[in-house]
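See the structures that follow.
The following pair of complexes shares a single chain, chain A, combined with chain B in the former and chain C in the latter.
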Partner chain A sequence: MKHLFTTALVASMALGASFAPVHAQTEEVNVVLFGMPYTNGLQDLADQFEEDTGIRANIEVIGQDVFENRITLTFTGGSDDIDVVHAPVIQVQRWIQAGWLQPMTEYVAAMPGADDILAGPLNAYVVDGENWAVPFMAGAGLMTYRQDVLDEAGLAVPETWEEMLEVAAAIHTDDRAAIGLRAVPGQGFNMFIFPMIMRAYGGNFFADYEGGDLTPAINSPENLEALNVYIELINEYAPQGAGNFNFAEVLAAAQNDQIAFAVEGTGVVSRIVDPDLSQYAGVTGIALPPGGPAGRSPAIAVHGLGIPTSAANPDAAARFIEWAVSVDTVTQIALNEAFPDFTTGPVADNPEVIAKYADVHPDFLAMRVQALDLAIGHYRPLIPDWPSLGQAVGENINAAVNGLMSPEDALEAAEQEMRDILGLY
Partner chain B sequence: MIDNSSAFRVKKALGLFMMFSLLAFAAMPTLWVLILSIREQSAVFQPIWESPLAVTLENFLSIGRSDFPRALLNSFITAGTATVLAMIVGVPAGFALAKARLSGKFIASWILLLLRMAPPVGFVIPLFITYVNAGLIDTYTGLIFAYMTLTLPLITWSMWNSFSQIPDELIEAAIMDGASLTKAFALVAVPAARPGVVAAAILGFLVAWNDFFFALIITRSSTTTAPVAVMNFISYDSVDWASIAVASIALTLPILPLMAIANRYIVQSLSGAVKG
Partner chain C sequence: MAFSSTRRQRGATYEIQRGYRRMIIPALVAVSVFAIVPLAGMFGLAFSDYHLIRGSEGRFGFHNFVRLISDGRLMGSVYVMAILSIFGVVAQVLIGTAVAVGLQKIVGRWRMGRVLFLVPYAVPHVAVALIWLSLFTPTLSPINAFFDIFGITVPSFLTTQNGAMFAIVVADTWTNFPFSMLIILAALQGISPDLDEAAALDGATRIKTFFYITLPLLMPALLMITLFRFIDSLKHFPMIFVITKGGPGRSTQATNFYAYVQTFQNSNVAYGAAIAVTLFLMAALISFYVAKLNQRVSS
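Moving on to the complex of A and B:
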């Protein structure tokens, strides 16, 4: 018995020794990103960074859920295994508050291509006067519509959500629903879409966000009106089961002739209008999302690259970020991948890039610029508690859509939960 | 006597209907995954009868070109090694617990059960920090040791039960014939408990093979296992359903022959193969 146990221990130790990692001697930078066209394209160009700088870039592109779990553990555990991290602007406030990111102000000031970065997305990462990340992508909310369906019904593209309800009532059939919208709860899911309606009706999350009054104001008459529109669109004019649609279901429905309208982010829109991915691309048009009494407010989502506080090699990380957002690198990615959401300005002047996206859809790049011009930076509030707030509000909105509570009760519950999260009793 | 009454026929028809309904219900997800795996990207959500010719092998080829085969290999290495190590330690441990006159058996049984029942999420932060400090993140060693916290209690408990069913007289006779305890264990007890040994090994392997949680927190690019790699097909603004289907098939296929071979051993083990 004793022999056997000793054998087991020795065997496991021997195996352990043989599987121990081998550490390379060259300078390395470890980059963790989640999957999207830009990050996939960046991974393919990693060798170029090593050729240019002599620093090896270990770029890991993983699923978003896996990413969330890994970086939370890395940050809380103080592990130094990540030098460059994918930093969605919506998460950055919380990371800064927790001390997980290090300021990049000096790096940005010394970056030769800093002036090439669009000012809006770059400033989205300025908190308390410091830069905390450098943007590589700014996606905006857009609407796709089936021109053939509108022509057949003799209708024009709706300019407001009220008009959208009228058009939806006219074109909705059992075979093809009028519209598909994200409804599944989450700060990046239904809370990417609903605020477009909410802000069009003059609604807000807080009493006066810009003035610094963060008293919850989700339970307002404007938001109730917007919620009723959202519920009517999903329950009356969307496909069966739309109460739990996410972007993947909206995309699939649009590509398969199951919906006539979709309001989505530019990444999804680019797939809906891509002739290689959808046989209905040729009859699909792009427009700005509908507006309302308070105007239009397209959604905006900014993603960037940051350096964790625990990074082992922050200087190499800064060099990597400088390379990753440079005109040359981003132009290559825009040409190699379906990536029209770049934030490196001069890329938009490249004739090959212009020609490529004009081939996908002639209005695509122009509409994206218009949507970004209209979008407000704090479309979703840029505060550390937003992930929790967005989740809480999103769950109540989804409950109202699925008939689990009335719209009035849902907004009341959302406001109460916002107060609880913010500690306002 | 053959019962030809109409009541019997109705009962039989009802039974068959229920059986096939349950079979269809159980087989439907598998069938769906198989269809998804061969559908063209643009036809993934179309009913197969609407575009029956929109099939392709590109999804399989694309998975072959990705990092997924490496992740499958990682799963084999870690789950296989963790099972072998747990067998090396757990089978003798189960024998000792079943046959030795130990005073703390009751406590040992509860500790083993607690190890099986404790939710891993409860100790994720200390485990992660320990692993970071020990340099075990993204190493096979780290993942294998983590898997052994799953497989070792399972195998020990299972083998304890199997060896308990072997009569003491069998071991005693071997020892009286001059065999050492090690020989009696290796040449008499283990062969007698063979169904239990095979069942324990397979169940241990399956537990490690299917693990998502430990792999999620311990692995990085070098040691990512297949269950985690499947999640990488879900990106920011798209879900690659066809690749997920192919990956799911790739994850399931290696287990099928194993299960087929081991099926009778598992049944024998669960029903108690050795009677005193």
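Moving on to the complex of A and C:
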């Protein structure tokens, strides 16, 4: 009886299966991004992409720290589980040389909204005449300052790093430090900040980057002068423990009245001056980062979306990218998130977007445009070895900041390591 | 007839043993696929010249190991690893033992309180690292804020090598001491209370009883914990990655972290694999020595 029942059950399931409705397999695109306001906003709109195109977007947003390891393992393993990848411009040259990205020139040419993308960030992804990614954001370095603190001291906003040292000496107290800067070692951490000072003093990473001479020049007198300023600011005028600060600590210090000045990327700056996020936003002003004898050089960070060589579905990936950087999608993200760094030009003309960021701070969008105008595309060199070089220089500079070696020795060690990495013995 | 019966018995034993042997086949396949194959791949890479970006020129030999000998950063990383491992493991075993001895005395409903001590072990390492990063960052730390009220400045730990290593050891100890505690607690429960009573009858104090009776009986468990924790401590990564990023400078880059830097940041996969192979051999050597020691203590 028991056997009979089992047989009947199995038979009914088998019969049922043959009449079960068969769903058409949905086309899918797998997207791997790291966390930032734009990518979080994009993830929230994933269903909209499916409604518009019938393609399901599986958007995975992971921490920046683990992102690089994850995609390196995927790319080297030749796995086809990523169709669209977050492509920071400083990584792209390395990925191209390794053969991990596929050219997007034809896709970009066919994109209806290609002309809406700002030319500077779009061209940052042109290597050997080919487009390798499409930008979605361009962050720039800006400075925030506490107007009430400066007013109390009767001081003006410093225009140069030299003036910054003088102002910092005048306003620094035990209760509120003068300035907060990223110092933790890493090509995306202290090496996002230090080059702003380095280039203001006329320093460079190479003898003649634009002329093609990539002989390291990190131990130049200009760079030494800049490093001394950076060390003095962190050790004399930043909060206790600033030698290990990253952007999160700088942001928290600014929001908690622990620092008067911060020099940061626009993503962090937008949070420092947002009245909803900081009770000191009303007395905080925005300015360009200080300059020096060689002028001003705000930091720039461009991020885009690319298609890996191993992508299983490159056509669907291209459609996703087209949608992700479209005026409609980017406008929604700019309104839903703290995302003023868009590179889709017409979004800046949207009255709601203008009103939103004017409410955050009246000068914000204007200062961002000024900073982007001043920034040089190769703020951090666009070469395949930059991630290794930036890491090596960043670690030595952090060692000097924390007193583990003299500034001279740190730059000498960085110079030697750059030569080793580049194979220049 | 007797011969035939013996053969039948032998045959039955053989069949049973063959059955047992077949049962370990899935485990052998799993170990081969998930441990031996990757290990063989790592050894193969260590002898190659494979670079993530530039590919390979086909060199195969000991060149990576020759380079290791003169690599000052590797020596520095071994020193960092040794300090982190020794201080971390000693702290975990001592605290674990002390807590286990204390918890063993607790009876009745309060025994459920033991679960509380397991909480740190259940928290993911990255979350633990983030908690301790906040606690060691002066501008975020409630500890600093508390002492500030009394005008006392707590030193900044993460900007000096010793301070940063201390921070990593503290975070590592906090999350891993419950493992030692669990094993010691189990070992303590295996010790007959008659021994304690006999010692008490002979006039031994509690301290003497602990050091002369309990502790020697715990020795195999202590050695086992030390071995497990030591091998695990050689793989220091999340705490360093989140709390110090290897800094200040490179002063907290333990060997495992250095292998990561070479592999992922410098794209030197072959050299990173050579570092990993060296680390593996070191762990194997230490395990072998501790296992022998354990055998001697047990016998």
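In this text, the second predicted complex is superposed on the first by the 401 of 425 C-alpha atoms of A that agree within 3 Å, B and C clash if a C-alpha of one lies under 4 Å from a C-alpha of the other, contacts with A are read in each partner's own complex, and residues count from 1 in each chain.
As a convention for this text, a contact is a pair of C-beta atoms (placed from the backbone, for glycine too) under 8 Å apart; a residue touches a chain by one contact, two chains touch by 3 or more.
As the structure is a prediction and not an experimental result, all values here were calculated from the model.
Of the two partner chains placed around the shared chain by superposition, chain B and chain C are both touched by A:D65. In the superposed pair of complexes, A:V268 makes contact with chain B only, with no contact to chain C.
Shared-chain residue A:D81: touches chain B; no touch with chain C.
Residue contacts after overlaying the shared chain place A:P387 against chain C, while chain B stays out of touching range.
By the touch criterion stated above, A:G35 is placed in contact with chain B alone, chain C being left untouched.
By the touch criterion stated above, A:Q240 is placed in contact with chain C alone, chain B being left untouched. Of the two partner chains placed by superposition, A:L155 touches none, neither chain B nor chain C. Once the two complexes are laid over each other on the shared chain, residue contacts for A:A252 go to chain B and to chain C alike. According to the touch criterion, the shared surface of chain A, contacted by chain B in one complex and chain C in the other, consists of residues 65, 69, 76, 252-253, 256. Listed in rising order, the residues of chain A touching chain C in the complex are 65, 68-69, 72, 76, 94, 97-98, 184-186, 189, 239-245, 249, 252-253, 256, 258, 384-385, 387-388, 391, 395-396, 398-402, 404-405, 421. Those residues of chain C that touch chain A in the complex are listed here as 52-54, 136-140, 144, 153, 156-161, 164, 241-242, 244-251, 261, 264-267, 269. Contact residues on chain B toward chain A in their complex (touch as defined above): 41-42, 44-46, 81, 85, 88-89, 92, 95-96, 124-125, 128-129, 132, 135, 137-141, 144-145, 181-182, 185, 216-217, 220-222, 228, 231-239, 241. Within the complex formed with chain B, the chain A residues making contact are 1, 3-5, 7-8, 11-12, 15-16, 19-21, 34-36, 58, 60-66, 69-70, 73, 76-79, 81, 139, 247-248, 251-253, 255-256, 265, 267-268, 271, 277-279.
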